[in-house]
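As written, the chains take the letters A, B, C and D, and residue 1 is the first residue of each chain.
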Amino acid sequence: MTVTEDQTRDPEAALEAQFDRTVAAEGRIEPRDWMPEGYRKTLIRQIAQHAHSEIIGMQPEGNWILRAPSLRRKAILLAKVQDEAGHGLYLYSATETLGVDRSELTEKLIDSKQKYSSIFNYPTLTFADIGVIGWLVDGAAIVNQVPLCRSSYGPYARAMVRICKEESFHQRQGFELLRTLMAGTDAQRAMVQDAVDRWWWPSLMMFGPADGDSPNTQQSMAWRIKRHTNDELRQRYVDMTVPQAEALGVTLPDPELRWNDERQAHDFGDIDWDEFMQVVKGAGPCNAQRLQNRRAAHEDGQWVRDAASAYAAKQAAKEVAA
Amino acid sequence: MTVTEDQTRDPEAALEAQFDRTVAAEGRIEPRDWMPEGYRKTLIRQIAQHAHSEIIGMQPEGNWILRAPSLRRKAILLAKVQDEAGHGLYLYSATETLGVDRSELTEKLIDSKQKYSSIFNYPTLTFADIGVIGWLVDGAAIVNQVPLCRSSYGPYARAMVRICKEESFHQRQGFELLRTLMAGTDAQRAMVQDAVDRWWWPSLMMFGPADGDSPNTQQSMAWRIKRHTNDELRQRYVDMTVPQAEALGVTLPDPELRWNDERQAHDFGDIDWDEFMQVVKGAGPCNAQRLQNRRAAHEDGQWVRDAASAYAAKQAAKEVAA
Amino acid sequence: REDLAAYCLMLADDALIASQRLAGWTTKAPELEEEVALANIALDLLGQARVLLSRAGHLGAAEPFRAGPWDAQRSGAGPLPQDDEDVLTYFRDDRAFRNVTLVETDLGDFGRTIAWLLVLSSWRLALMQRLTGSGDPVLAAVAGKAVKELTYHRDYAAQWVLRLGDGTEVSHVRMQAGLDAVWPFVEELFLPHAVERRLADAGVAVDPGGLRAEVDAVLDQVLPTATLTRPERPAVGLVGGRGGRDGVHTEALGTLLALMQSLARAHPEATW
Amino acid sequence: REDLAAYCLMLADDALIASQRLAGWTTKAPELEEEVALANIALDLLGQARVLLSRAGHLGAAEPFRAGPWDAQRSGAGPLPQDDEDVLTYFRDDRAFRNVTLVETDLGDFGRTIAWLLVLSSWRLALMQRLTGSGDPVLAAVAGKAVKELTYHRDYAAQWVLRLGDGTEVSHVRMQAGLDAVWPFVEELFLPHAVERRLADAGVAVDPGGLRAEVDAVLDQVLPTATLTRPERPAVGLVGGRGGRDGVHTEALGTLLALMQSLARAHPEATW
């Protein structure tokens, strides 16, 4: 790279131009590269929110591990929840490359200063919810996340590749559970339909507000952090899910849902944005519970983390002394 | 009462003589009366041990309150365990008339410096155990306690009158539960026999060591604190219980148990005194658990008791100020 | 008749689940007097639940559950032999419970329990006071007895709120935290269910929307004296517009019932 | 054959119940790395349990439970459709579980959990190491895989014992308290059951009495380095000479199973 006269005079502008070129050319920004402060902040917020979602998302599923009705399902569920802890780890690591550390972000989470996906503020009321979370919630997450595998920020894109692979696996497992239940007893089938009735609309809300109400989308798309608008992704999700619901034999709880031949896409009913906003603001069915559990785990673990630090310091001191 | 010359010279001896006469005449010693230090200590030890037994005894039964298989049984069990807390209260009050307070005794309990009945160191494994505790354990307690209603120490005797009345009620309830189970399904009958098999021998141990190994008995009997030896009471219990077992249709797990026409009493097999000593020394199936639970409840409640004292002090100060 | 059965279940389940929660304090209370008092309250509520469950049973509420809670095809077995109150308690799944979610929440420490009890008993007392005038003589009689019991429960809770709120610094913090934790579940107490509305119109039930003033009056009297602040925390949301009265509960109820029902369900042919 | 089935159940139940306890840490661990590690260990143990339960099932252990756990007269229903491993897991009552009581104990805080894991994994590792030489090829194969897994579990636990024992003053106290709390359950690990004795004589099983030296060696190495003291607390006693291996458990197991089995038992006709 040659340094032009212009760049020498305003190195910041030069760096920004370089950054813009890289992004425009679908290149990757890496931790040591210069990046605009807004880009960094947006990334931190988005990745942290994603990491928090993985961690809080362990709770609704964790609710059924001890009661899983077969050992095979118990193993699958335990492994899935473990994977989510793993995803949280990669994502927090990705934020560390941007200069914030995990404990700082955890504090922000438990102080309600950062958010997580609103879907995890709904309760899991039956074991069919486990299948539906796999099918619908992980399904929606994948639609959201697949484009992020091409995110302009390298560590995030690489984390997403790994995460998306595991999420697809989880989604297939969820769908397979639902298939089994639908082939089972009447009670099992009723359980599935009930779970679908409860989770369908919240899953549509996972894509965020309608485009008109999503002020950050344009900048995020310009930075290639985001690649599609909320409504585009939501439509993709609906179109993908409807045939799966048919294959499964469940009814999606939306009387307005139908194929629109003209648009070559499904029309669907209005989302209850009041409910969405309520949940986002902390008034969902489980917000208080989720945060309280996370806070309790964090506080209860403080003495353990302190011990680990103290021990590591002692060991380091011994090595120096030796 | 006239003061003789002799009594003037040695008031202690006079008091002791008076005490001895009262006791010998089946009179009652009351808190303000003079009493020998050994008498006081023996009483404190015995009443405290009895109070602790009521409190620790709540645990094995409490284990089944949340799972009681009918609402009627749940209400009966909850009320019974509540009565035991009440018995603990009366008994600790009786010790307070002897100059020690409840918190001091509780500390001694959780520091393993005072004992409680070894029977409560066995686990309750099925709901039939609830019936068997009522029948056998309360039955043995009653045999032990009825003579204590005539104890020479007034507050203790009066507490025992009330307690014995309630214990008889509990025993009848226990027996009635067992009757119901024996009239029920095969599984219920098997449950009862299994529970009887586990509780019979420990219930015999409730009367304490054989007379030859019970050094304090003679003094306690002279003081009219105790009125029968351990072996006398144990024999009475066996003789009382055998026909009840027959009525119930259960087998007591002792092949040597049989009527002895000559003695006009039942012969029975040797008690496993090694097991008894082990349990007394802290190595029973549940000793650690029982004490740990009691300690945890006591420690967890410290802030509440502190608050109550602080509040009472503030209120008292306000009244003085007003 | 169906409405009345449903209404009896609502009032019964509130008491039943609350009683189960309180019974969980057994052997864990901070003092023996509290062991006795909490057990008393649990017993009172259990008694209220039993009368109301039996009434619901007389009105037919237990019939759907008499075949056992399981898949209909396991039909070789006869109907359950238990009393209505036990069929309704032990062989309903959580989705058929009609209690408000407040009663099923984890009681946490003694401070949270006391906050929970103050809110619950103030509300239920206000409800039962009005229900004494019910056009249904059974409900009116149940309410008459319950009013006396609940007055004691509320006073017990209020006294402890004062002691803990205005006791030590530690207890003040914990009491306030307990109140904060309970708060999100308060709003649901005042949401009328369609069944309650219809029966209230018929002069049989109480519309819970009208109870807010009485509960607020208690809180407005007790909290400031106890140096506590009325929390400002959002209410828990419903799930698609449905809450405890519709059988949509928190995650806590399933776990509570798993333990409560385990033994009865292991022996469906048995009576105890 | 009956002995072998019983022996498979013993080894399976130890792993199954331990796995269930560890799974209880989910979303509660002190750090994400520990979430992952504890879940890993729980999964390893669950895997060991499943193979051993299936083996026990092949040997006929599930048959007595196929009619459902209930009173025989509820006999209109057919046999349970589940796999052997699930029949054995969900439709046995606690008295038919053969695990040592250590595994069913409440894990308490992280310190106690780590103490529990150190003891449990050192013991099971020693056991499985010997079992690789079993005359039964299936057991030998199970053991071969388990040895690798348990070596990791033990090392994980040992590292945390060091960190907590020699970390802060608080952690030292809590780690020692955890060790003390676990200690009464250690002795039972070395008590041979009649089945173990018979099968050990036949070269199929391991007599646990011989494992003490190896467990002691681990503790003697780890505890002093971690500045911890080997507790001197009496072992929990047996009930009439019977312990976990005979189906006489602590009060903790019934509660654990009530939750674990609740859903499967609510739908005995279902497969999942």
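Simple rule for what comes next: contacts are C-beta pairs under 8 Å (C-beta built on N, C-alpha and C of every residue); 3 or more make two chains touch, one makes a residue touch a chain.
Quick caveat, the model's predicted, so the values are computed rather than measured.
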Per the touch definition, the chains contacting both chain B and chain D are C
Relative to chain A, which chain has the most distant C-alpha mean position?
B
How far is the middle of chain B from the middle of chain C, if each middle is the mean of its Cα atoms, in Å?
36
Return the distance between the CA-based centres of chain C and chain D, expressed in whole Å.
38
Between chain A and chain B, tell me the centre distance in angstrom, where each centre is the average of that chain's C-alpha atoms.
59
For chain B, residues that touch 2 or more chains besides their own:
67, 185, 187
Do you know which chain D residues sit against two or more other chains?
70-71, 73, 254, 258-259, 262-263, 267, 269-270
Graph shape for the chains shown, where an edge means the two chains touch. Line, ring, star, complete, or other?
other
Chains touching one another, given as label pairs in label order
A-C, A-D, B-C, B-D, C-D
Within the complex, which stretch of chain A touches chain D?
55, 58-59, 62, 65-75, 78-79, 81-82, 85-86, 88-89, 92, 102, 127, 177, 180-181, 184-185, 187-188, 293-294, 296-297, 300-312, 314
Partner chain D, residues of chain C touching it in the complex
69-71, 73-78, 93, 255, 257-259, 261-263, 265-270
As the complex stands, chain D meets chain A at residues 16, 20, 23-24, 26-36, 39-40, 42-43, 46-47, 49-50, 53, 82-83, 85-86, 89-90, 109-111, 162-164, 166-168, 170-171, 174, 259-260, 262-264, 267, 269-272
Can you list the residues on chain B that touch chain D in the complex?
60, 63, 67, 121-126, 185-187, 194, 197-198, 201, 275, 278-279, 281-289, 292
Chain D contacts chain B in the complex at 70-73, 94-95, 181, 184, 233-240, 248-251, 254, 258
